[in-house]
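In the two complexes that follow, chain A is the common piece, with chain B as its partner first and chain C second.
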Partner chain A sequence: MRRRVRVFAVGVVAVAAIGATAAVGVMNSNREPESKGTPASLRLLTEQQYLNTMMYVFGPNVRPTANFAAVPRVDGLLNSGTALAGITDTQLEIYQKTAGKVAAEIVREESRGYLVPCTPAATDAADPECARSFLAQVGPLLYRRPVPPERLEALVAGANQAADSLKDFYQGLSVAIEGLLLSPSVLLVAEHAEPDPDRPGEQRLDAYSLATRLSLFLWNAAPDAELLKAAGSGELHTRKGLEREVDRMLASPRLETGVRALFDDMFAFEQFATLAKDNLIYPIFSGETAVDAREQTLRTVVDHLVTRRQDYRDLFTSRQTFMSPSLAPIYQVPAPGPGWEPFEFPAGSPRAGLLTQISFLALHSHPGRSSATMRGKALREVFLCQVVPKPPPNVDFSAIQNPDPNIKTARERVNFHLQDPGCAGCHRITDPMGLTMEAFDGSGVFRHAENDAPIDTSGNLDGVEFTDAAGLGEALRDNAQLPWCMVRRAFAYGTGTPSDENDRRVLEYLADEFAEDGYVVPDLLREIALSRAFSKVHPRRERVVHPLPDLKSAQRPSQLTAAAEPVATAPQTLTSR
Partner chain B sequence: MIDVRSLPKVALAALALPLLTTAASPPAKETKTAAAVAADWAPPGGRIGYVLWDEYWGIRETEGGKEECPKGWNIGPREQFAILYPDQGKKRKLVDTQLAYESQVWFPDTEPDGFEYHEATGKYALGIDLDGKSSPEDFVSDDGRTGIDNQLFRVVGCVRNYRKEGELGIITTKWRQQNRFNRVVFELSNVDSLKNDPDVDVAYFRTLDHLLADSTGHFLPGGSQRIDTRFGKRFQASTKGRIVDGVLETDPVDLELPELALSDPSIIKFKGTKLRLTLTPEKAEGVLGGYADIEQWFYAMNTSWATHHASYGQASAPSIYRALRRLADGYPDPKTGENTAISAVMDIKLVQVYVLHPDAESLMSAR
Partner chain C sequence: MKAKKLSRRRMLRGMLGGAAVAVGLPLLDCFLNDNATALADGRPMPVRFGTWFWGLGATNNIFVPQSTGTSYDIPEQLAPVARVREHVNLITNLTAFRDGEPNLCHYSGWVIGRTGAAPKSGGQRPGETIDITIANQIGRTTRFRTLTAAATGDFRNTVSYETPNAPNPPEISPMDFYARLFGADFQDPNSPEFKPNPRLMARRSVLSGVMGEIKSLEKSVGAPDRERLDQYFSGLRHLEHQFDQQLTRPEPIAACHAPPKLTSESAMGGEADMVKVRHRMMTDLMVMAIACDQTRVFNMSYSNAQANTTRAGFDKPHHTTTHEEPIDGTLGYQPHCAWFAHRAIEEWAYFVEAFTKVREGAGTLLDNVLIYANTDHGDARIHSLDKLVAFTAGRGGGRVKTGLHVNAQATGVSRVGYTMLRTMGVDVPTWGSKSNMTSSPLSEILV
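Coming up: the complex of A and B.
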């Protein structure tokens, strides 16, 4: 009897909690300020999104080596740059080669038994039913929406034709798979808008576009079958259905992949691909160090934010991280194991927070020396979403590279910048905190002195003074701009579009929610995913395009309006003259 | 809060010590190290480990061997074979020629073989006084220490394979660096000063990890080595030592040195081993001396090196065996009275590492 009462009580509490959560959800959705929403964009699927999708659809064995072209970084994110990227002939060739590898892996004898859901009547001839069965199964997962029947039949016809020609059903199927993967519907994320029936006059993403936006945001991969099903049934456009799917995605192990991708992008970690250190100056810093430095920070982020659901701001003061054998010598600590192991820097250690990890210190340094300016600039741009102007083209480096042996520390060198009014404007916003990080050399090794002169690590960040890097981490943690920047980057990353002035009120609302939730990032991702601004669409602004003059005729072509005449047609117009 | 700027660099590493039982952190730059050592530097927690990365038999060479090999080099198996079985149009059986010689390689005896064997001679040699006595066969070290025991120098000092021009030294060191089977460390504990300390503990372990190296192949301090508690127990030993003016000398201890060569895990068995190493926070260099078990040493030689090494390096196994037996100077057999071990010296180089003592044996299947 007591047990029943207790079960009942738990049930009541659970129902009350669910009710309260739902009520809070409704209240929150009501509190969200009106916004224009974001444009429905046309973007490139990134290499990692492509590979993750292949892995989730066909299994972990299907993970081809790919080398997709780089995309530009826009407003702090590569993800925002995917809308500006195009596809060249060379890129198309890379896509084709990658698609070929995927297709070959699917149809090889060891894989076909479990990846192809049927056995052809004969392996040396076409089998339309079997081909259709396979293509109908994987097509929507790759297109991220239902495949139009006529397109499916065209793919089946292609498989049949190739099978008859090659006298091999599986080779024929692989040709169809290759064609499927080369489709613009796979390689490009084309968001579609539709009228919002609940808000006349407004536009929203159609259900499949919303599913894709959610999935790329939270998983960095295409939607799974369940999400597509929710989109197809219309549930995704209901508050209840959307919440259910978002919560399911947040509870999925794939969230870790999504969060890693978000922070890898936000922290500009693609720069590790070209990071080089002078081996004579930093002999311990190897290619493996660079790989592990990136991994260390991403592991720390996932563990802190997702596994332990800790305060985002504490990432900049936490001493908990992970250690590998190639990083331990730079941190001057024993490697706890042969692989990755949890590690905590002891109290009093100069290491606390992301700013003192090798990934930040080494990435924002020169190959042969540290850089207070680069580190200060990165701190402002990466973590505070501020923009530090580029140096003037005629910057005078003679002072900073002065071989005078009496000038021993970076503080003395950059002091020259502060005396020059042309330089001081920017250096005053980068150097006061960058000089604090001079306690670490260009590879991230801690040091007391530079050229035998003691390093003064005092500094200040927006008026908050400190004496060392740990103090800098605390100042950054308490900087109001820090969580705001996280919100801004996460929203832009999720919507695939740089934030602009139209998003200001929504971002303020999300920042308030973030603070109320204790700066727990998965909760922020949930707020963003459930916000109206996330799915609301506004027409893209018309862009005035000024084509280049025709060099042969020296005539200036008339202005073209992007919306009226696609950019792609401009060269034809020029040529026709 | 601790002001880390007021702490010496090495103390920062010590802050991490509660996490693991381990050794010291070296200063980042050698130029600063000298000053730190001069100031009677002590490793954090009184512990510092060194991993072996370079070794070779202690052979003191002069140009052309004019001091130690006045009679020239020893001849090898090719030359001996040609003398034993000259090509005079005479038909010989395989069993009487190649196989007969090969049987001498694997089943040697001490009967004279008719070949003059050139032992290394002279006053000087590398090494340590192992027995505390000054005997007629003992050498003097270059720094004036007397009673140096290194009879193996007499055995192989005039065999070209074992000299710098031979290939054994290069390959042995390569195996030491590349084969984790061969990874061994010495760990000093209870160290109050790396410059002078009359009483330190010295432990020897086989460990499991790769050496830390830069991109040009130089081995660097700061790596970590986990003790092999599962298969490495036979490669563990401990003794006492003392540091005088930065030089460690230890009391004798028996230890075994793993020497995986091509694919055969050879073992060098040393008895009464002593170390004499010059220590810095980053590295240790010097000699390891001990009485090497003759039969084991000879077996290791034959299994480590292929016929072509012996031929091109003019190292005749039967002749070397006879010299080993003739010059053996330690650990007499209680029954026969014949010495079973020969004083030998290894010229060694080590680099600082953190030695990790696992709390418990870790099984691969449990990870």
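Coming up: the complex of A and C.
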């Protein structure tokens, strides 16, 4: 799997200078610069992590519908928002309802036979041994660490008591399962730090916290029994044991699920949940189109990055993808037979790379029209990790308040912004490449003209000029920010820490490795997972903030403490369009 | 007294042992709500508080009446309100003071309206919003402390915050909302049968173990995370409370009639007709949830701030229209924008009217409800924070006069919120901060 053989020296004091990264042939662990590590965080398990875990622990039939509350997007990732998101009464209601569905499915007559490892002495009475054997088996997989014996016994007692009062062993067991699934040890990811015996004065994640961080990163699910075993035996804290487990995880079919989750988050695809197009303006864009557009891009990503181990940057120029019947009319290509089929756009087609896929074009448009500004902003924020400033709060709209209704194209329309220096600053950041994508309407259909006026698709990205969307894809592919952003997001995603809190030197080191490895994403994930920065922990700084408003209900503290990190950004965008 | 020994728990345990049959229970105190129910015949009805939200304000020059008081004129865009005018107050010419903070478009306005303070940045989320302050005062006995719904179709649109990082997620699907309110866990207070689910008692008992786990986890985390664990803990208490409620035979409520089951999902887009359908379905469900005393505090959003409602066949969503549509020289306003605002006002009238259709006591449900409706901007085209309009509806159990148009004379929008707090029994000398701080309720509407 690896193209280069590396020798790792355990316990060698790492060279802290960036200059070391320039040295060729230096052993890997020597090259990683010293860093402060990342904070041990308390994150909410996401809905998808919960569902994946249920599926892996209890089998594919256990797929409850769940509607976990939205979390804020922090520094480009929802995953980072899970470290901040609060928990409301409503959320607990949702957890409880979901737990009820899972428990009911497990003890259903059809499934209990293979999900419960024993048969009770009598189905209408408690059987402590059988309840214990089931709970002892699934408990650690859900807690992601051993269940404290007294907790396990309390759950067994709960199952017994419920079985007695309900006169049904399985109903009693299901009550205990509900209790198990409501545990903060299941629904929250509380990372624990411990002193690092190899490096006095430093802290590291304890083995189970490291196992969880790894498996959420690579599989988007809780660790399996084997990983927990490696944590329990201490092997995960050895270089050899860690490498073995990381390589096993990277070779697992679950990696695909993990990579999908990473890109679904990075590409802000949760917005598909609310994507709808105007039926009159875009009659062929249906709900199914939206579902398939998301799936097409994720299939392309997995195939390109994981299956074929191609250069990440080529995602933005590649013509290889997959086609479904509901997407074909928008791409104006013959519909494939039922289901998905591999598809390659011919050379000379306006479609090349992710920027020309429906997922990008339709997601960053209005319901009834395209938006050069939204697309340009998304390109910079999603793929280049840049932040496009919000419109000036006291923007003077007088310059554009009565625009000429005879304007035909987006280029003319956004030109109004350039008349006002207050608007021009940001629109110059987003529009020169956004206008190139005007070759596609708000649903993603290719077009030459808008309102009968020909569309000028020329543009530039950071000084690189092009004439069409394929040229934009090339320019993005060669933009130095592109792989850097991938590294930044992947590291933040893996560690649950917002990118801007991370040590720049570590990210630079990882970016160098990424380049050396030919921009192969599974290799990047491996580098991150094996880095010391991934498992090293630093204490989180705290500062006092005064939230709005001054009046608080008597039950609440008058002020609360928050970590010294950026406050969650608005769940709803506040950008003027 | 004997009744002290016969605890609710013990009584129910006894019942659970038997088959679930219609149990003719004596009306012992232990079967009443924690507050010994105010809903029993002949006693005063509980007073409830709600909010309604719409984005991008109104088209003021065809919305704001010339005259004030009771017999105000009804301009074109206010027309839908004419049919509920005796139940509402229109308050115009309100100001949200920025106090030197930036004008955060589509944000500062509604946040000041619901918290009394100007946010410093878009990243600064509201702290506790007014509905939560009131819910913590009056909402602790019902099955839900608050209910929040949004007709926008977007699960991220909420105007209710417990803390900056804990927004209350809105219900967006009528079918899901139905299931939550009137699904299997609903206890019809008028049902002749009372069959407590024996499973609930068992469920309830496993919760205490979970609470113990939180306590031990709290020792190992920092202060901000401890606060989140406290939220988790309160959430578990809330579940416990819900189980207790379900194990308790409810008092009959004459006004409560559970609606028929919703079986099909509604279209989820932002197109105005779809929004209208969802708004009306969820309004009807919300109204009945209140009539059935499932909650005493509620929030409904018609559109989000910076509304992205669309009009079929028209390329610009509402917000985009505010900035890109020319002002019609003859009309003196933006006609498409006015169309969108009109649709919002129409839905406000529907919302108010829905409360009048439920008889409660000698009058209607609305008599015992107080609703506060607000928006984000005075003139959305230029993101102004003055000339804001707001509504109240309902008499709040006889504490509020209705049928008035009040010109607030450019005073703070926080005065409306302060009036709501005082009326709902939150006894604070002032509300808001800096220029938005007020101790001056809208005396015109107080009885």
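As a working rule, the second predicted complex is superposed on the first by the 504 of 577 C-alpha atoms of A that agree within 3 Å, B and C clash if a C-alpha of one lies under 4 Å from a C-alpha of the other, contacts with A are read in each partner's own complex, and residues count from 1 in each chain.
Everything that follows uses one rule, which is that a contact is a pair of C-beta atoms (placed from the backbone, for glycine too) under 8 Å apart; a residue touches a chain by one contact, two chains touch by 3 or more.
Remember, predicted model here, so these are calculated numbers, not experimental data.
Novice: Quick one: classify A:Gln91 as touching chain B (first), chain C (second), both or neither.
Specialist: second
Novice: With both structures placed on chain A, which of the two partners, chain B or chain C, ends up touching more residues of chain A?
Specialist: Of chain B and chain C, the partner in contact with more residues of chain A is C.
Novice: Examine A:Pro64 and indicate which partner it touches, taking first as chain B and second as chain C; both and neither are also allowed.
Specialist: After superposing on A, A:Pro64 lies clear of both chain B and chain C.
Novice: Can A:His192 be said to touch chain B (first), chain C (second), both, or neither?
Specialist: Touch partner of A:His192: chain C, not chain B.
Novice: Kindly classify A:Gly368 by the partners it touches after superposition: chain B alone (first), chain C alone (second), both, or neither?
Specialist: After superposition on chain A, A:Gly368 lies in contact with chain C alone.
Novice: Just to be sure I read the superposition right, which of the two partners does A:Ile284 touch: chain B = first, chain C = second, or both, or neither?
Specialist: In the superposition, A:Ile284 contacts chain B only.
Novice: For A:Gln171, is the partner it touches chain B (first), chain C (second), both, or none of the two (neither)?
Specialist: Touch partner of A:Gln171: chain C, not chain B.
Novice: Touch check for A:Gly241: first (chain B), second (chain C), both, or neither?
Specialist: After superposition on chain A, A:Gly241 lies in contact with neither partner.
Novice: Please work out whether A:Pro72 is in contact with chain B alone, chain C alone, both, or neither, and reply first, second, both or neither.
Specialist: A:Pro72 contacts chain C only, not chain B.
Novice: Just chain B (first), just chain C (second), both, or neither: which does A:Arg151 touch?
Specialist: It touches chain C, and chain B stays clear.
Novice: Taking the stated contact definition, name every residue in chain A that is touched by chain B in one complex and by chain C in the other, in rising order.
Specialist: 279
Novice: Taking the touch rule as given, give the residues of chain A at its contact with chain B in the complex, in rising order.
Specialist: Chain A residues touching chain B: 279, 283-284, 286-287, 325, 328-329, 332-338, 343-350, 439, 441, 445-449, 452, 454-455, 457, 467-468, 470.
Novice: In the complex, go through chain B and note every residue touching chain A.
Specialist: 1-5, 9, 12-13, 15-16, 18-20, 22-23, 25, 28, 32, 208-210, 212, 214-216, 218, 220-224, 226, 354, 356
Novice: Tell me, which parts of chain A touch chain C in their complex?
Specialist: Those residues of chain A that touch chain C are 42, 67, 69-70, 72, 84-93, 96, 151, 154-155, 158, 161-162, 165-166, 171-172, 175-176, 178-179, 182-185, 188, 190, 192, 273-274, 276, 278-281, 366-369, 390-391, 393-395, 397, 400-405, 413, 540, 542, 547-557, 560-563, 566-572, 574, 576-577.
Novice: State the interface residues of chain C toward chain A in the complex, per the touch definition above.
Specialist: Interface residues on the chain C side: 16-17, 102-107, 111, 115-117, 119, 121-128, 132-133, 136-137, 144-145, 148, 153-158, 162-169, 176, 180, 198-199, 201-203, 205-207, 209-210, 213-214, 217, 220-225, 227-229, 231-232, 234-236, 238-239, 242, 268-271, 304-306, 308, 310, 312-317, 319-320, 323-324, 326-327, 381-383, 428, 431-433.
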